[in-house]
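You will see two complexes here that share subunit A, one where it goes with subunit B and one where it goes with subunit C.
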Partner chain A sequence: MNMYLRLAWRNIWRNKRRSIISIASVLLAVLIALFMRSMQKGTYARAIDNVVSFYTGYIQIHNPGYWDKKSLNKTFAVQESLIENVSSTEYVTHVTPRLEGYGLISGGERTDVGLVIGINPEVENDMTGLEGKLIEGEYLQQGDMGIMLAKGLSDHLDLGIGDTVVILGQGYHDIMAAGKYEIQGLIEFPIKQLNNTMSYLTLEEAQYLFGAYNRLTSLSIMIEGEDKLDEVMNNLGKKYSEDYEIMSWKEMSPELEQGIEADNASGLIMLFILYMVVGFGILGTILMMTMERTREFGVLIAVGMKRGYLRLITLIESIFLSFVGVVLGTILSVPILAYFRSNPIYFTGELAKSMTEFGYEPILAFTLAPGIFLWQAVVVFIIAFIAALYPLWKITRLDAVDAMRSV
Partner chain B sequence: MAVIMSEKICKTYNDGGVPVKALKDVDMEIEDGEFTAIVGPSGSGKTTLLNVIGGLDTLTSGKLRVGDKEISEMTPNDLIEFRLNNIGFVFQAYNLIPVLTAIENVEFIMLLQKVSKEERRGRARELLKSVGLEDMINRKPIELSGGQQQRVAVARALASRPRFVLADEPTANLDTASAENLLDIMERMNDEHKMTFIFSTHDQRVVRRARRVITLKDGQVDTDERKGENG
Partner chain C sequence: MIWSIAWRNVWRNKKRSAIILTAVAFGIWAGLMSNAIMLGASRQMVKSAIETRTSHIQVHREGFRDHHEIDLMIQEPDSVTSVIKSIEGVKAISVRSVLTGMCRSPESGTGVTLFGIKPEDEARVSAIEDKLVDGSFFKDEYRNPIIVGDDLAKKLDVGVGNKIVVNAQDLEGSIAGGAFRVVGIFNTVSSEFDKSNVFALRNDIDEIYELGGGVHEIAVILNSNDMLKTVDEKLKNSLSNLDVATWEEIEPQMSILTGTQKQMSYIFIGIILLALVFGITNTMLMGVLERIRELGVVLSLGMNHFRIFYMILLETIFLSIIGAGGGMLATVGTIAVAGKTGIDLSIVSAGLEAFGMSTMLYPYLPAGEYPVVALMVVVTAVVASIYPGIKAIRLNPVEAIRTY
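Take a look at the complex of A and B:
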């Protein structure tokens, strides 16, 4: 081994306890930072997933002007070629047709406003896993004439499986929409907003209810992942933006994106404070190391060692300590985060209630996305590197005679 | 032939805003191969003189030539290179690198000189043998006695094949037997290799062995005695 490397290696282990403390402080920093970011990003992903998977999809195609008015008069005629072409677009995994309209849903003496969604049950289930949310009764099948209600809505109406609801609303071209349906399934959503409003009919039944034969309000589109969103939007935009309105989930649920941005900003501030604490911790250790070795630095310069080599050795030491801390912290975090990803933290009581009130699922989810590991490792490594600049600066300014006089 | 020549050299320190004159117009010449002791009471300027000769400290004024180099005109980087190739240092506190073994400490200077690995290893073994430590080459400084550490320090000082060895109180921390042994080694090196040795010392054991004794007082040369001349 090169003598410089050997010298650096032995310097690292000349005070084992101090080196272990240095490594441990970097390790802990990486661990905490990864835990925080994994929790934040996981929770955001879960929130996006809730909205995207359960309802909007990543992208929707509408008749121009539909989203602003949400009017059945802004529907478009079903064209199989459009569905086929959109389905064959790169990164698109599912396309589901929907007809949506608001109506008064009554049962017994109670009435509530609900969103009635006509779906192709099989395709909808493939895309959103809707059947998995079924908690009672039976999932809709093609040709069924029943209705599935969200649990919050059915609770409010005080109805259950087998009871009948009446829907009154405004249909296509402002006709009166009216229908009577037996409740055949109850569905539970984690988000209160969805749980209190959603109801499902088959597409054909909804088209009949609203008098919008062979018409749709939207094509809801799922893609391979959030990272492909811009590319798919761009491709669809090129083909269909003249005839249709193409919107991403960010445009359809701006409050979610803004909420995530605000929370992310506060998370980054917390992370910055953590980085500062860690940075000063590492700096403290390095300061001790430097003070302890000032005399030695002086001797090495006195006997003819160039400052550049001395800087190189101390840099190797600092980088090694940081690197080991970063690698160990990352390795240690994987099983911890994997555990929490499989077993997310569920809030209960008042906190859960208030989160649900604000439309958030009361859960802290975690992610194992590789980008988080890379970023945190790089950031902590850079902090450690910055702290390591102190001895380099000290060596640059070192007076050999003064240094040799130091104890 | 004078290999060290100083001309009215002065060194003034700033001690908390108070200027302290450590050397005042020192004129001195040292010949090649001398075995010289610089003595004087504490604060007389011995260590400062050694430091300026070794290029560790800068002059306030005056001219100092060491070998064929004008020390007072060299840049800090040139001084490092100059020290590496021309001067061997022996310090009172040994100042070995604690994490390296005896042989690695000796080799280290040659590594800085970019001497090949085989030559480094061979020369280091030879030097440690010459100071009587051939059986302890793989020991770290902490595993050696003070006298043994100082002998490693002498081997290290000689490893770069310097023209001068500057030794600052080399025997101050040693018992009599170790000090005499160390002086024997240095005397032998001086005789065999005609290497110039300059000591800064209070130690009478060193003074007795020195062939020239320069006494400093208040930063000035008080007496300069060559033993051959006066008996």
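Take a look at the complex of A and C:
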């Protein structure tokens, strides 16, 4: 085997320039592909992380039928045992109870529609880092009677800290919900839609406002990471799916999941095209290497070389040619990707604004997950095998006598 | 003469040339098709935005678009509409009152924008009537009829014939509530729009929220989007005290997105061509190396270096342009078929609808794109020919004729 490897290696370097150009084309493709995949995967992870840790959590538990209707009539009564049991499920890091409903939020002259969310301030902060988004005033504490408004909402209502808002809405079993609250904090969200609608009360105040004593719309659950999602969903499903509706972020934010899938698919198609083009280049080189050695093949077969070994050598040549490009490309890419991983690209100007309006953080993040590198190697091996088909076929058909006579 | 020599040289090694031709053709086809798909998608996005949300131009009181303040009404709407109607290119207008409020059913409640319209005017301006999936466009005799989006209807758990209540601030600043009967349900490509917009009769709105006949918005549809700039300028001049906004100003993210998509597709074609440079260079280099003896002969016979380089360059351009031509023909063919039948993307539809895109995609490529790409291919060929060309003219004639 060792000898065949050495033969193949030397054959590649017979025409140095040609091989270097071929290897360079693979190297370039690998660099571009790695850059693109790292950027896509990194940005998806960031987007998922944003959505999940901003608000929804990885998983939510509701009363059956709540998600479609978002109705306060589809709330469920809190049982301490449920929260405790869910918290102690493997990989679950946080469980936070919420009660939320829409209401007209009125301050002096102006009125706007907002989402009123009752939270357990401490747990909510542990899970979503809500306190970090506070830009003015005081963060809610257990027992506080005040309200925290998103900045866009307070700007529109033309209110600040210390002002009073009136909330009118529809409560549990269609009772009239009405309450008066002092603004004690302002919160800024990067996503416009959230920034224009969110307002926070303590859970107890919200339950009082909506007349939904001791009831919740959802339990929001954080887990250790996206890769544990299926397992936790399974475990929770076994225990609670009869009495509750258990949804993952993929079901709650189908736009995000399918947006990611669509983008991922278009990225893969682009890379497929790129690799096809590079593949043709490799095929051309292998074709040349085969044609100029027709005579040599003939001699080797005539003196008794087994065709099988000859095929093996040409296959190894093709793989070497591609593989050197993959290895060099990967080595070159690591410092570049590592740099961008710690220094993600931020969009600026109009584009950033429009991304924010669509609910995306204007950022290109990168990842160094091993999966993207492994994938390159697999693709390039496939190209090498396909490119090697021509010489394999040629060797099978080769007539030693004819071949020796050719130039 | 150099031209015909170069042309024949291309076909010396047919297999080799065929491989690189296929590579170029495939690359160009794939690049142009991805461009066409992106352009088709953004054209559809713009079209549906104009049809359902923004119209071509909207006129408001200065500042109304920021927060929909109820008291920022258009003064003397009749004279404003007659000014708009008198401008050439204006096809239809719809005068609307616009309120922000809470929409409730016994089941649930959510925030909505309530439009007060005149059905016969609105039908000429927006495509909401065509997008109805249930009920009719204010044809039945009901008190306070209202038309809602399908996503909203589902959330409120209401259907045609059911009642909903819309609470909103009236002119006095107090909250007024009106009960409406759902007479129609629409489904546009944008689920965001369907979730939060409802249409009722302007007279009813006027009465319930005591607007005193005031209106907030005049939506203008033009004969074609090409007239946007000229009509916009005229309107901005003659209605200088009002806020005249084109769809590009109302939804700036739309024009930015389409612009970004265009850049992206050029970058992608650029990457493909960059990858092709290597393949083409290699092919040409082989072509030169196997002709060392021949090149040595013509050099010693006194053919000048510039002409040799020129020949290699021409060969490369022929090779690339034939491939690119094939790719472009394939693109024209593919678009002719797919542009009619459409490409079904319903597997990922929810994701697309959130962006206001339709699930059927019709690729589209303006004729102007082809020459641009052809030029990019020629530049690629020139770049690819440099190394083999230099290799050829650096040959030492005496050594070269002894090779082989």
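Methods note: the second predicted complex is superposed on the first by the 381 of 407 C-alpha atoms of A that agree within 3 Å, B and C clash if a C-alpha of one lies under 4 Å from a C-alpha of the other, contacts with A are read in each partner's own complex, and residues count from 1 in each chain.
Following the convention adopted for this analysis, a contact is a pair of C-beta atoms (placed from the backbone, for glycine too) under 8 Å apart; a residue touches a chain by one contact, two chains touch by 3 or more.
Given the structure is predicted, the values throughout are model-derived calculations rather than measurements.
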First (subunit B), second (subunit C), both or neither touched by A:350: second
Contacts of A:255 with subunit B and subunit C, given as first, second, both or neither: second
Contacts of A:273 with subunit B and subunit C, given as first, second, both or neither: second
Subunit B versus subunit C as contact partner of A:306, first or second or both or neither: first
Touching partner for A:137 - first (subunit B), second (subunit C), both, neither: neither
First, second, both or neither for A:97, with subunit B first and subunit C second: neither
Comparing the two partners subunit B and subunit C, which touches a greater set of residues in subunit A: C
Partner chain(s) touched by A:287 [first = subunit B, second = subunit C, both, neither]: second
Touching partner for A:121 - first (subunit B), second (subunit C), both, neither: neither
Touched partner set for A:69, first subunit B, second subunit C, both or neither: second
Parts of subunit B lying in touch with subunit A, wherever the complex brings them together: 51, 54, 56-57, 77, 80-81, 83-85, 87, 89, 91, 95, 97-100, 104, 107-109, 111-113, 156, 160
Interfacial residue positions of subunit A with respect to subunit C in the complex: 15, 17-18, 21-22, 24-25, 28-29, 32, 68-73, 101-104, 106, 109-114, 156, 168-170, 174, 197, 254-262, 265-266, 269-270, 273-274, 276-278, 280-281, 283-285, 287-288, 291, 350-351, 353-354, 357-358
Subunit A residues within the subunit B interface of the complex: 3, 6-7, 10-11, 14, 295-296, 299-307, 309, 400-401, 404
Subunit C - residues contacting subunit A, complex: 15-16, 19-20, 22-23, 26-27, 30-31, 34, 67, 69, 100-102, 104, 106-112, 154-155, 157, 167-169, 173, 175, 191, 252-253, 256-257, 260, 268, 271-272, 274-276, 278-279, 281-283, 285-286, 289, 345, 348-355
